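Below, chain A partners chain B and then partners chain C, in two separate complexes.
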Partner chain A sequence: MSATRQHLPAATTTPPDRLNEDWRFGRPQSFARDLIARLTSTKESDDTDLLSCDAPTDWICPQLPQDAFGGVSIASGFIEELALQRLSSTLALRIPEKADAEEHPIRIHCAARALTCAGIHVEVLPGAHVRIIEEHEHTRDSALVALRSYTVHPGATLRLELRELGSGSSRALNISRISCAESSCVRQLTTYNHHLWAREETTAFLSAPAADLLLLSANRLHSGEWLDQRTRQLHTSPGAKSRLLYKNIVDADATAIFGGNIRVQPGAHESDSYLSNLNLLLSPDATVHSLPGLEILADRVRCSHGSASAPIDPEQLFYLLSRGIGETEARAMLADAFLAEVHSLFNQA
Partner chain B sequence: MSLIIRNLHARVKDGAEILRGVDLELPAGEVHAVMGPNGSGKSTLSKVLCGHPDYEVTEGSAELDGQDLFAMSVDERSRAGLFLAFQYPAEVPGVSNANFLRAAMKARLPQGEEPDAVAFYKQLRARMQQLGMDAKMTARSVNEGFSGGEKKRNDVLQMLMLEPKYAILDETDSGLDVDALRIVSDGVNAMRAPFRSFLIITHYKRLLDYITPDVVHIFSSGRIVRTGGRDLVDYIEEHGFDFLKNEQ
Partner chain C sequence: MSNELQRQLPPRDTRGDFSFPENNALDAGYGLTEATIDYISDAKGEPDWLREFRKTALRKFREMPMPMHWAPQEIAGLDFERIRYYLAQTTAPQRRWEDVPDEVKRTFERLGVPEQERAFLAGVDAQYDSETAYNNMRAELSAKGVIFTNSTEALTRHEAIFRPWFGKVIPMGDNKFSALNHAAFSGGSFIYVPKGVKLAQPLQAYFRINSESLGQFERTLIIADEGAELMYMEGCTAPKYDTATLHSGVVELVALPGAKIQYVTVQNWAQNVYNLVIQRGLAMEGAQIRWIDCNIGSGVTMKYPAVLLRGAHARGEVVSISIARDGQLQDTGARMIHAAPHTSSNIVAKSISIGKGRASYRGEVNVLPGMDNCRNHTECDALLLQSHSRTDTYPAITVHGDSSAVQHEASVSQVDEEMLFYMQQRGLTRAQAMSLAVNGFINDLVNEFPMEYSVELRRLIDLEMEDSVG
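Moving on to the complex of A and B:
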C-alpha cells in the first residue's frame, strides 16, 4: 500500500453549513499536516512497546486479529492507512465469557512519544462485565495515532474511559470502532486534556436488537488548543438504542469542532437514538463549529439531535455572586457544573 | 447601623427608568414591608440594591452600615450582610445545595480557611428540619426541578445559614401553600434580632399576618408614595391599590 504526499488533506477552517455533508465528515484541519509529515517521513523513529495493560495475562492475546482495524475512519482514511503500516505498539485483549471486572477496572496505558502508532483491540465475550480505563499519556511534542477497536458480544457490558493526557504541545488522533451486539451495554467517556490538536473519529455499530450504547465526552480547552470530534452512530438492526452527549468548555482562543451523525439504515425500525453537542464559551475569542445530523432510512424510529453553544448564564452567575461567592470561584463552579452531567451519566449504573 | 436609600433612580440598561426617587431607611432590628401593584418597581428595587447587571443606577445613593453600597460588587454586598430571597430563584444544575452553601460560607471566612465540615452539616440539617425540608435536598442541584414553593424554601434556607444583617424577601410568599407559608414565616421570625433587618416585598396581607412589620411602605410608579404602620396593610386589603391613582 503506497502513500504519497498528494493525498495530504486540504487545510480548511471554513465554518460548517447545514447542507454541507463534506464539512460534517471533513478531513482533518491544517494541524494534521504535522502528523502526516511525521507518518510519511523515514527519518521519524517509531517508538515501540509503549502499550501496557494490567489485565490477567491469559486475557492478553499474543497478536492482533487480522481484521482488527482499518476502514472505520470517518475522514482520516489516509492517515489510518499510514498508521496501519507503521503500527508499532499493539494490544489485543479478550475478556472471557461471564468475567466480572467492573469493580476493579483494567488499566491500559499508552505512553505517546515523538511518533506512536498504537493499535488497541478489545473483545468482550458474551456475558462479561468489564470496566476499562485507557490512558494516553503524552510527552512534549508527541504525536499519537491510536486505532481502537472494541467489540462487545451479546449480553456483555463495557464501561470504557479514555483519558487523553496531553502535554500542551501534543497531537492525538483516535480512530475508534465500537461494535455492539445483542443486549450488550456500552458506555464510553472520553476526555481530552492539554493537546495542541486532537481529533476523534468514533464509529459505533449497533447491529443487533437491544444493544445499548452511551457515548460521552467532557473536555476543557485552553488557549491555542484545538479539539475536533467526529462521530457516527450507525443503526443497522431494529430495536437498538444509542445516545451521545459531548460537552466542551472552550476558553481563550481555543477551538472546538463537532460533526456527528446518526444513521438509521433501512430496516432498523424501532431505533432509539439521540446526539447532543453542548459548548460553554468562556471567552469571546473562543470558537465552536458544530453540526449534528440525522439520516433516517427506516420507519418507526425515535431520533433527535441538537447543539447549543453559549456563555455562562448571567442569571446563574448572579445567583452565586448574590450569595457572596467571588466571581472567579463562581465561574469555576458553573464550569464544573456544566461537565458534571456527563460524569454523572457515566457513573450511573 | 442601617440601610439608607436616598433619591434612588434606576433604569433597565439602555431602557426605561423604573425607580424614580426612592427614599427609605431601614434601621437595624426593624421589619419593613413594601407593598404595591404589579409593575410598580418593587422587585427592581431589590435587584438594584443587590447589583443585578440588568439595571443601572442613574441617580441617588445607598449606604449599608455607612458604606457606599453601589461602590461594592455583587459578592461584596452579600459578604457585607445583604441578602436577597429571589422572586424567581435561578436553577443551577450541577451544583449541589450543600456545595453551594459551603462555598458561600467559605467566602465569608479569611483566605484559605474552610468551614468545619461536621459543624456545617449539623447546622444545615437543623435548618432544613426547621423548614420542613427533606435532607436529600442537600445532594440535589440548586433549585433544579424544584417546585416554586421548594425554591422559595431553599432561598430561606440559604438566608438561615448565611445569617445576613439585611434580608430582602421578594415575594417569598408567592408559590407557598398555607403550611409552607407558616413554616417559612416561623423561620424568618426566629431570625428577628436587634442587629438584623428585613425588607419584605409582597402583594398580600397573608404573609404580614405571620411576620408583623414595624413599618409599611406603599410603592407606586417607582417610588414610595406612602409610609405607615400595620394599619396600612389592612387599608390595602380593604381598598386595594386603586386609591393610588388619585395620588399620582
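Moving on to the complex of A and C:
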C-alpha cells in the first residue's frame, strides 16, 4: 500500500469544500456535509455484520490485513478517515492460487442501514480466475460509506460487478482501490440505481507490465438523483493497458457528474490508456458535468480520452417511428441500446 | 544536442532579446498602492471617475486570493511587490515614426514593425513598456469612422463609445488578475468599427517590454458594430532578464449582431515573463468571434480565450498552438459559454512539449439551462518530443437540457520512429526530420494564421525544433 500511496497527493485533512477541484460541481456543502454530520454523530447506530459472502469459508480471512484501507480517496480523505474509525462491517477474502470461480460467481451482500461503514478487502492470488458480484442494498434514508480494496496478483483474472441498489432516498460513497499486478486482468462494472446521491471514487493502480484493466459503468438517473463519479487510472509501470467507459442516461432533473483522470508517471512508457464518458440527455431539466483529464509525464505512450453529451439521435428515432413503433417505446429502445454496449463489453471481455 | 548538429543549425530566434538603457521620464516605482494609481492617473490626466474606478479595482485585487485551488502552482512565485507598475517616456502616442523617440523607433525597426505596416497593415499600435509609443491608421479608415487608439485617448476623447462597454465583458471582480488590470491598465488598443464597415487589411498591435521587472497591463477593447468585420493581430517580445516580468493584459471583444472579429496572437515573450492574460469576447446574434492563438515564449503562460455566445446563431472559435520548452509552462485553453440558443462553437488546440517543457490544455464548455440546440466540438492533440516532457488536459463540460450536443476528444502522441527513419534514409538529419514531422502535426492550424504570420510561425517552429532535438 505504501508503495502506491507515494503517487497520490497527500490525504486531505479537511472536509471537502467548493475549492476542491475533485469535488467541482459535486455540491460538497450539502452532500459531503450531510455524510460528515452522520459520521460524527453519536446518535447514529453502528450495526455490525451487515456484510455477507457465499465464498468457501476457507477463502474468508478472520482478520483484515494491516493497512487494508485508507489513503486512496480521490478527494474525500477526511470522510475516509472518519469511516475507518467507525468501520463496523468488514470482509477479507483471499482467493487461492489458480482457483477457478468464473462459472459460479461469489456474491458479496451489504445491507446498508441508517449509517453503515463497510470495508471489503479482496486479494486474488496468482493464476486465480474469479467473478464477484457485490451488491449494496439500501433501506430508506440509509447512508453507506464503503471502502473497497481489490488486489489482483500476477496472472490472475477478476471480473467484478458492483450493483448499488438504492431506495430512492439513500446515499452512498464508494471509495475503491484496484491494484493490477503483472499480466493480471481486471474488469469492473458498476451500476447505480435509485440513489438520492451516490459518489464513486475509484483509483486503479497499474504498477506492472501487461496489466490489463477495464472499468465500466452504466447508469440510468431519474428525478432528483445525483451521481458523482471520479476515477483515476494511474500508470506507474511501462507496458500496462487501461480502458474506461462510463455511460449515463440522465432523465428528469437528474444530474450526472464524471471526473476522470489518466495519469502516466515518468518512465511508464508504452502505456496504453483510454477514457470515455458518454451521456444521453432525455429531459430539458437534465444536467451533465464531464471532466475527463490527462496528465502524461512520459513519451512513447498511447493515451486519449473522449466525452460526448447529446440527446437521442433524431435519425435513429425517425427510423424506429417509421417502422410503426410508438415514440415512448422507441425512445426506451434507444436508451436501452445505449447502455447495452457497456454490459456487452463486460460480458465479452 | 550533439556539437556537430549545433554547428549546422541556425540559433534560436532571439530577435526580441535585446534592450536599450532605460530612459523613462515617468516611473511609478515598485509595488501597487493608491499612490501608484494617483501617479498613473496624474501622468495621464485622467478624469475623476477613472481614478476612482482604478482604486475600487485595487481594493478588489487586494481582497481576492490567488486562484491556487486550480491554477498551476508556478504562479505562486509571483511577487507583486517586486513589479514596477508604470514606466513610460511620454504618455502621448506619435502618429509618425520620425517623431518616436530614437531607441523606441530602433526597437520596432529591429522587430520589423514599420516594414510590415507599409506592406500589409491597415493600422499599427506599438506599445513600449507602459505606454503606446506609436499609433497610426490609414486615412481612409478614419474617414469611414473607424477609431483605432489607445486606452487613455479612448476613455477621454471617445468616452461615449467606449465607456459603456469598458469592463463589461470582463468585469473588474471577475478574478484577481482582471482586478489587477483594471487598477493598473495602460496602453493597449481601443477599436471601434462602425456598422457595415469591413476592414480588408488587419490592424496590428505590437507589445514590447524593454525595462526590467516591469508589469505591462495593456487594455484592449474592440467593438465591431452591426455587420462590421475586422482582423486584429498582436505580437509580443521582451528581452530576457533575471528578474520576473509580468504581462497581465485584458482583451475585451464586442461583436454586435452580424459582426465578425478575428483576433490573432503570436506570443514570443522571454522566459522570465509571467504571461497571465484574460481574453474574452461577447458575440451577439449571428456574430462570430474567432481567437487564433500561438504561444511560443514566456516562462509561465495562463491564457484561456473565451467567447460568451449571447445571441442566437452566434459562433465562437478558438484555434490554439502552444510550444513548451525546458522551463516553460504553457497553460492554455479555451472557454465557450453558450448563453443563447442555436449557438455553436469549435475549439482546436495543439501543443508540443519539448525537453522538460509542460503544455496544458484547460478548457470550459458550458451550455446554460434553457439554451436549446447548441453545438460544440473540441479537439486537443498533444505531441511529446522527449521522455521527460509533460502534457495535461483538463476540460470541464457542462450541458443542460436535451437538445444540445457537446463533444470533446483529446489524444497524446509522439513522432513515429519509422517516419523519422524514412526521412533520415532520404538524407535529412534527425533534427530536420523532426522539424518536418512537427510542422506536419500543426500544419493545418498554422494555415489558419494570416500568410505573413504563418510563414513566420513555421520558421520559428523550425528554429525551436532544430535547436532542441538531437
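Here is the rule we go by: the second predicted complex is superposed on the first by the 319 of 349 C-alpha atoms of A that agree within 3 Å, B and C clash if a C-alpha of one lies under 4 Å from a C-alpha of the other, contacts with A are read in each partner's own complex, and residues count from 1 in each chain.
The rule is short, and it goes like this: a contact is a pair of C-beta atoms (placed from the backbone, for glycine too) under 8 Å apart; a residue touches a chain by one contact, two chains touch by 3 or more.
Just so you know, these numbers come straight off a predicted model, no measurement behind them.
In the superposed pair of complexes, A:His289 makes contact with chain C only, with no contact to chain B.
By the touch criterion defined above, A:His269 reaches chain C but does not reach chain B. By the touch criterion defined above, A:Glu137 lies against neither chain B nor chain C after alignment on the C-alpha atoms of chain A. In the superposition on chain A, no contact is made by A:Glu102 with either chain B or chain C.
More residues of chain A are touched by C (comparison of chain B with chain C). By the touch criterion defined above, A:Ser309 reaches chain C but does not reach chain B.
Of the two partner chains placed by the overlay, only chain C lies in contact with A:Leu297; chain B stays clear of it.
Shared contact residues of chain A with chain B and chain C: none. On the side of chain B, the complex with chain A involves touching residues 50-53, 73-75, 77-79, 83-84, 86, 89-95, 99-100, 103-104, 107-108, 141-142, 158, 162. Put simply, chain A touches chain B in their complex at residues 313-316, 318-327, 329-330, 333-334, 336-341. For chain A in complex with chain C, the touching residues are 19-21, 24-25, 266-267, 269, 279, 281-311.
Of all residues in chain C, those touching chain A in their complex are 69-70, 369-370, 382, 384-414.
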